[in-house]
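Both of the next two complexes hold chain A, though its partner changes from chain B to chain C.
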Partner chain A sequence: MKAIISIELYKIFRRPRTYIAFGAIAALIMVIQLGLKMDGQSYASFLMKDINDTLTVDGKVLNGYLICYILLQLLLVHVPLLVALIAADMISGEANLGTLRLLFTTPYSRTQLVMGKFIAASIYTIVLLIWLAFLALFVSMWIFGTDDLFLLKSNYVVLIQEKDVLWRYVGAFVFASFALLTVTSLGFLMSSMANNSIGPIVGTMSAIVFFTILSTLNIPLFAAIKPYLFTTHMNNWKEFFDIKVNENNEAIYGTILNVAKIKNSIIVLTLHIILFVTASVIITKRKDILS
Partner chain B sequence: MSVIQVNGLSKHFGTLKAVDHLDFSVTEGEVFGFLGQNGSGKSTTIRMLLSLIHPTSGSIELFGKPLNKYRDEILEEVGAIIERPDLYPYLTAKEHLQLFAKLRNKHVGENSIQDTLVKVGLADRSKDKVQTFSLGMKQRLGIAIALLHNPSLIILDEPTNGLDPQGISDIRNLIKQLAQQEGKTVLVSSHLLSEIEQMATQIMIIHKGKKVADGPIQKLLDPNKMIVHIKTTNDAQTLQIILSGSFSNYLLQRNDGIYLRLPDYEIPLLNTSLVNAGVGLIGVETRNSLEDYFLQVTSNTI
Partner chain C sequence: MKKIIKYSVAFLLMLNCSIVSAQVDPLIEKVSQKLALVNDYVAEGVMKTDVSFIKASLGKVKVYFKKPNLLKVKKEGGISLLPKGGVSVTINSLLNTKQYIALPAGTQEFKGKTLRVIKLVPTDEKLDWVISTLWIDPNDALVYKTFTTTKENGSYEITMEYGEYANLGLPSKIIFAFNTKDYKLPNGITLEFGDEDAAAKQKALKHKKGTIEITYRNYVINKGVSNNMF
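Here is the complex of A and B:
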């Protein structure tokens, strides 16, 4: 299995396509960081305009932590599409190239080969997420400095102390890894059903868009299925930044408002990963390699 | 010892019987020529031998072990190329061999990789990406991957596709050498019947998924069953003479001339009969190639 994973990783990182995602993330983050560095105060004033009359905020509102939060809000919706570029190509791309039959005549079972490919695709996803974290969090901290994290929610304000922030980001990125691995496994499932890359890539992206719409639409008909859709849970990394308050409405250091929601989301996402990967293995095992 | 033993093998795609109750065996150390027209079921059979396609029914044993139970163990001893030499365009020839060496439980060192590249004539292009390779070079690399781990059984589906005459000759010599000097068993399919004729010891011909002929090549191309094409000044009279005499049993049904399949010792007698009857004989052409035999068994004419 180790040999399969190392070979699959080698193939992934020798392909020019792999670096599109890294380049796209770097370009997007740098553009946003540059914009906020040049004209960040106007943006901060715009954000605070509704509460300036009732609240006085000292310190650097536009610090590295807030920039990272803004970046994650913008990017974690789009990163799945970049993940799909690689994951949805893992089996179908080889079927299209004709190299799948070379792999499937080696003395490894199809289950081993499929699992090796999935693990390699997952490692790619995690590396992409680490790249995102490095640029969005650490580079932002370096450029904008750090201070307390001030977040404006829909009908309340969250203020998290500077020293209480970093671990929340670690949690948020770990959570995001489950969300992106779900996308990886979905792309992988699509990949196992096709003999060319375009269909699975477009299929994965379409499925994400479709289920995201279902998750966000407030139509009673869809309310019953919403809790079971992976897209409902993918954005729950934000729960790490909702904090418990005491009777004086003061934030309680080191707490999360709704831990159960995070746990539930992780369970749902994990079940989706298991379901998608198991289906991929079964489909690939039964498949006749005709390409 | 039978290296390949196939019994009652069938594969159906819907209503299409791609392979229909095929039985054959390949003995150790032999070069087995596997012939058939396009769509006859050759590649489907080869893919079933490599467990790429699941048979509808029948059994496959390689090295005396059932393939469905001992697949991984068996494939360790098999090297194959299947139809086209499909490879990773962004990797070099050497990287291909290094990757596939890792996928073998046998140790394949750098020296073996270099030796294999030399064997297939790619040593000087080992660091070039495959996307710069011609079809023939890709074919050579495909063969290198098949031979890399020193397998006991080599299955080559159209190994000379895209090769120039020198390349075809090199691969033919390589296959002969693998069987004669290294004792490998080689199953080779090809459209180049003259190539198969030169290297195979046994052949099998399939047509529409069914076996139509098999056996040692010398026996199938029996010199006592020559195909004779007779060119005369009067074909109608010639036919009349043949049909009225003992040669009628040898006549083949063809529209493009008078053809007979008869023992070589009968040819002078036929010649004499025609001359004695006053038929002007333009020529007697004798043929006994694998191509003739192949056309005969796959189309019921020569």
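Here is the complex of A and C:
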């Protein structure tokens, strides 16, 4: 299995396409960081218009932690599309090139080969996420410094102490890995069903866009299915940044408001991963490579 | 007609006398004398923010004061939220200017004490405040509550508790209460699409009244404070 994973990783990282995602993430993050560095105060003033009517906010609001949160809000919706570029090509790409037949004649079982490919695609996804975390969090901390996290949500504001922030990002990135691995497994499933690369890549992207729209629409008709859509749960990394308050309305240090929601989302995403990978294995095992 | 003029002159004289007597209200003078003992101070304290739409934890603060009315609240590392313009309108800033007319407005019960109510009206148009009501204990010349209406930043109620430094008129606890406006950001800006729980979470916050509470731990008095602090 180790040999399969190594070979698959070699294949992934030899392709120029692989680095499109790394380049795209770096470019997007740097553009946003540059914009906020140059004109961040006017952006912050716009966000805090309602607050400034009542209160005077003293401190470094636009710090690395807030910049990272803004970046994740923008990017974690789009990174799945970049993951699909690689994951949805893992089996179908081989089928398209005609190397799948050759691969299936090796002593390894089809299950081993599929699992090896999936693990390699997962490693690529995790590396991409680490790259995102490095640029969005650590580079932002370096450029903008750190302070308390002043988070403006739609209906309320959360002020998290500086020393209470970093572990929340660790949690959020671990959660994001489950979300992106779900996309990887979906792309992988699509890939097992096709004999060319374009179909599964476009199919995975379309599925993500379609289900994301369903998840974000607050229409009662879709309310019943929303809890079962993986896209509904992918954004719940934000729950790490909501804090409990006591009877005196004081935020309680080191708490998360809705731990159950995070746990539920991880369970739903894990079930999706298991379902998609199992389906991929079954489909690939039944795949006709003779005709 | 002569009678009307006579009565009018008599009424105006009486009114003038009452204003003159209000300007030199002995209790206000007593409070001012007590406050005059403090030229400057640095106080450490704990600040609690209680605003319906804000979730914030307790934070350590340092309060800097210098005569006549310089005041600064600084949070030790971190972001602090203070009522806009409200913190600077303290008893010191009200009384140290000496540019007001004091009008007695009877007595009221407050936390088991019978307090004298005195209204201050500024005589200088440039001052930020329009009117202020003070609730003062005549026995120890301590102000326990003020209600001030400002020109630009609304009204503020300040409640004080006293302890170790009561002899200098310095409170051990101060609560700023102020009006808060509704807070709402569009989902398109916060990117919180599909979060149906948002309104429910906001409702879960306790207490709708906006208050900032500072509990002082210790004062360093009359040791000098640089103007750069303000």
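Note that the second predicted complex is superposed on the first by the 289 of 291 C-alpha atoms of A that agree within 3 Å, B and C clash if a C-alpha of one lies under 4 Å from a C-alpha of the other, contacts with A are read in each partner's own complex, and residues count from 1 in each chain.
Convention: a residue touches a chain if its C-beta (ideal position, glycine included) is under 8 Å from a C-beta of that chain, and two chains touch if they have at least 3 such contacts.
Being a predicted model, the structure only gives us computed values, none of them experimental.
Which of chain B and chain C touches more residues of chain A is settled by the count: it is C.
Once the two complexes are overlaid on the shared chain, A:Thr54 sits against chain C while remaining clear of chain B. Shared-chain residue A:Arg14: touches chain B; no touch with chain C. Using the contact criterion defined above for the overlaid structures, shared-chain residue A:Ser206 touches neither chain B nor chain C, since it reaches no partner.
Of the two partner chains placed around the shared chain by superposition, neither chain B nor chain C is touched by A:Ser45. Once the two complexes are overlaid on the shared chain, A:Leu97 sits against chain B while remaining clear of chain C.
Judged by the touch definition given at the top, the superposed model places A:Pro107 against chain B, while chain C stays out of reach. Interface residues of chain A, counted against chain C in their complex, comprise 47, 50-61, 73-74, 77, 147-148, 150, 152-159, 161-162, 215-218, 226, 232, 235, 238, 242-243, 245, 247-253, 257-258. Only residues 47, 50-54, 71-76, 78, 80, 82, 84, 86-91, 95, 99-100, 102-105, 145 of chain B touch chain A when the two sit together in their complex. Every residue of chain C that touches chain A in the complex is listed here, in rising order: 48-59, 74-75, 77-85, 178-187, 189-199, 201-202, 204-207, 210. Across the interface of their complex, chain B is touched by residues 3-4, 6-7, 10-11, 14-16, 97-99, 101-109, 286, 288-290 of chain A.
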